[in-house]
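Okay, so here's the structure we're looking at.
Chain lettering (A, B and C) follows the sequence in which the chains are written, and residue indices restart at 1 in each chain.
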Amino acid sequence: MSHAVLDIVGLRCERDDRELFADFDLRLAAAEAMQLRGPNGAGKTTLLRCIAGMHPEYEGSIRLLGAPVSGERLLFVGHRPGISGLLSAADNLRWHLDLAGWRGAGTVVSAALDRVGLCGYDEVPCQQLSAGQQRRVALARLALPTAEVPLWLLDEPFTALDDAGLELISGLMAERLAGDGAILFTTHQPAPELPGLGTRWIGAAA
Amino acid sequence: MMASAADERSLWVLFRGQLRRDLKLAFGQPSELANPLAFFVVVITLFPLGVSPEPGVLAGMAPGVLWIAALLATLLGLEALFRRDRDDGTLEQMVLRAQPLYLPVVARMLAHWTVTGLPLTLLAPLLGGMLNLAPEARLPLMLGLALGTPVLVLLGGVGAALTVGLRAGGVLLALLVLPLFVPVLILGVSAAELASSGLPPSGPLLWLAAGASFAITTVPFAIAAALRIGVEVG
Amino acid sequence: MKYIPDGLRRLWHRMGSPRWFFETTGSWVPWLGGAAALLIAVGTVWGLAFAPPDYLQGDSFRIIYIHVPAAYLAQAGYILMAVCGVILLVWRMKLADMVMTAVAPIGAAFTFLALATGSIWGKPTWGTYWIWDARITSVLILLFLYLGIIGLRRAIERPEAAGRACAILAIVGVINIPIIKYSVDWWMTLHQPATFSITAAPAMPPIMWVPLLLNVLGFNLLFAVAVIQGTRTEVLVRERRTRWVNDLCLRETA
C-alpha cells in the first residue's frame, strides 16, 4: 500500500478563461474520505471531472494508485444521474453492471435496490419515481459489486435525499472505506459521520 | 488462456448489455420508431403530387427519390441519437466506464440501424411500387439500402456525436453529414437505375458492400473519439 | 518516439510551441508576401496579356491561370487540415490546432474562388454558368465540407474541444474526399458521357504553361502567407493571457 489511492500534484486548471486551481495538491490514501467544500463556482465539480478524465484541459499530474487514471478503477456519480428515465431501475442497474463487464448473477440488482430502500420498485420506469427515489436509483450503483473500485467520486450525492436516504448512503460510503476504498465527495449539507474523513476547502482564499 | 476467455466474455457482456438497453429504449418509444418511417412515406407521397403523377416520369426518378427520402429520414433520427443519453448522464457513464468504448458504440449504432435503416429497407420495395419502379430494380434497391443505410447511420453517428452538446446542433448536423452521404447516394441510386435499364447492378452493390465493411470497422472509432469530447463540454 | 534522435525530438517540441512559431515567422511574412505578389503579378499579366489564345476555347481558357491554382490549393488546404488534425490528436500539439483554425476559412475562400472561376469559364464554354460537371460538383461538395468544419468550430465554445472535434471531422472528411471524387466522376460518366475537359486538351506550349507555373507557385506562397498570418493571429488570441503576449503588447504600444 505504498501508493496513495489518489495523488494530485501541481494541478492547474482553468474553465471559461478563469483559473480555478493553481499549484493544487491533494493526496488521498486508502480508507480515507475527503469532503470538498467551497462556494458555488469554486471548481469542485471541475476538479472531480478532471480526475475522472472528463476535463482534459489541465496541467499537472493526477495519478490513481500510481498510474494514469482509468475509468474502470473509479466510480463517478455526477450531477446527471446516469440513469435513463425511460427504463426501469433494474434495467438501468443491469446496464451499469454490463458496462463494467460484470459476469455474475443478476440478483445483485435487486439486492442493491433493497439496500437503498427501493424494494419493489425494480420494474417501474424511473421517470415515474420521485426526485429523491431517482437519486436513490443513481446511488444504488454504489451498492453493486462493480462499485468495489479504489476510488469513488461523488458530486453532491446527498441532494434530494431525505434523512433515511442520507443514512443509507453514508452507510454504503462507510463500507467502502472499510474495504480500503477512498472517497472524494462534495456536499453543501453537513457531512455524514465517516471514519477518516477530512475536509478540503477550495476557492475560498480568493 | 483462462484470463483471455474471461475477457472475451466481459466484452460480450458489454456489447450485449448496451444492445439490450438501446433496443429496449427504442421499442419503448414506438412514436420515435414510427416517425422517421412516416416521414419517409410522406416525402415519397409528395413527389407524384409535386412533380408529376405520370408513371413514366415517376419510374425514371423513383430510385433517386427513394434514396433521398431514405437519406433525410436517416438524418431526422440522428439528432436524438446521443442527446437523451447525454442529458441524463448515461453517456458520460458509458464513456467513463466502458473498456473499450468501441463495443458499446457499435451496439448503439446497430440498435439505431435496427429501428431506422432496417425498416426503411423493408418498406422501400412497397414505396418503389407506388412510384412505378421497375420490378427488376426492387431487389437491387433493397440490397443497396441494406448495405448503404448502415454507412449512413455510422457517418451520421459521427456528426451526431460531434454535435451532441451543442445548442444549434440540428442544422449543423445536416451540414456536417450530408456531404459525406454523397457516395452512398450515388452508388445506391446507380444500382437501382442499372437494374431498371436491364444491366447488372453488381458493380455499385459490391462497392457499397466494401464501403459498409470499411465503415463498420473504422467509423465507430471516430464516433467514440467524438463522444469523449461530447461529454467534456458540460 | 523512442527511436527518434534527441535533436529531432527537441526540434519537434520547439516547433510545437506557439511562441516559437510566432517569433520565428514574423520576419518571413514580408518576404513571402512580396514573392507571392511578384510571382502572381508576372504570371497573371503574362497569362492574360501575352500568352496566345487557345485554338479551341479562345481567350476564355485564360481563367485557368487563376482557376487551377485555386482548385489545387482548395484540396491541399483540406488535406493540410486533416494532417494537423492527426498531429493534434496524436501528439496534442496546440500549434497544429491553431494552423487548422487558420486554414479553414482560407481553404474555403480558395474553394469558392475555384468554383466562381469554374462557373465563369462555363458560360462561354457550355453556355451556362452552372453545369453538373464532375469536377465542379466535387469542388462544391468540398466547399460544404469546409463550411461544416467552420460551422462546427464556431458552435463549440471551448477552443480545445472545438479543435479536437474539427480534427475528427477533418480526418473523416479527408478519407471521404477521394471517395466522393471518384463516385461523382463515375456518376457523370453514366449520365453525360462526353463533357469537354481541360485535361483532354493537347499539351500546352511553354508560353502557355510557364505563366501557369508562376501563378501556381505564387498562389502557394499566397496561401502560405495567409495561413501563417492567420495562425499568428490565432496564437495571440489563444495565448492572450500568457506573459510573453502581454510583454509583446506592452512593447508594441509603448
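Methods note: a residue touches a chain if its C-beta (ideal position, glycine included) is under 8 Å from a C-beta of that chain, and two chains touch if they have at least 3 such contacts.
Just so it is clear, the structure is predicted and the values come from calculations on it, not from any experiment.
Centroid distances built from C-alpha atoms place A farthest away from subunit B.
Set side by side, B-C and A-C show the greater C-beta contact count at B-C. The most central chain, judged by C-alpha centres against the centre of all protein C-alpha atoms, is B. Between the CA-based centres of subunit A and subunit B the separation comes to 36 Å, rounded to the whole angstrom.
Look at where the CA atoms of subunit B average out and do the same for subunit C: the two points lie 32 Å apart.
Note on chain placement: the centre of subunit A and the centre of subunit C lie 48 Å apart, centres being C-alpha means. The residues of subunit A that reach two or more other chains are 56, listed in rising order. Residues of subunit B in contact with at least two other chains: 232. Across the assembly, subunit C contributes 157-158 as residues in contact with two or more other chains.
Those residues of subunit A that touch subunit B in the complex are listed here as 49, 52-56, 70-72, 74, 76, 78-87, 91, 94-103. Contacts from subunit B toward subunit C in the complex involve residues 155, 158, 162-163, 165-169, 172, 175-176, 178-180, 182-183, 186-187, 190, 193, 211, 219, 222, 225-226, 229, 232-233. Subunit C makes touch with subunit B in their complex at residues 89, 141, 144-145, 147-148, 151-152, 155-158, 161, 164-165, 168-169, 171-173, 176, 179-180, 183-184, 186-187, 190. Contact residues of subunit B toward subunit A in the complex are 6, 9-11, 13-14, 16-18, 20-21, 24-25, 28-29, 84-85, 87-90, 92-99, 104, 231-232.
Residues 16-17, 56-57 of subunit A touch subunit C in their complex.
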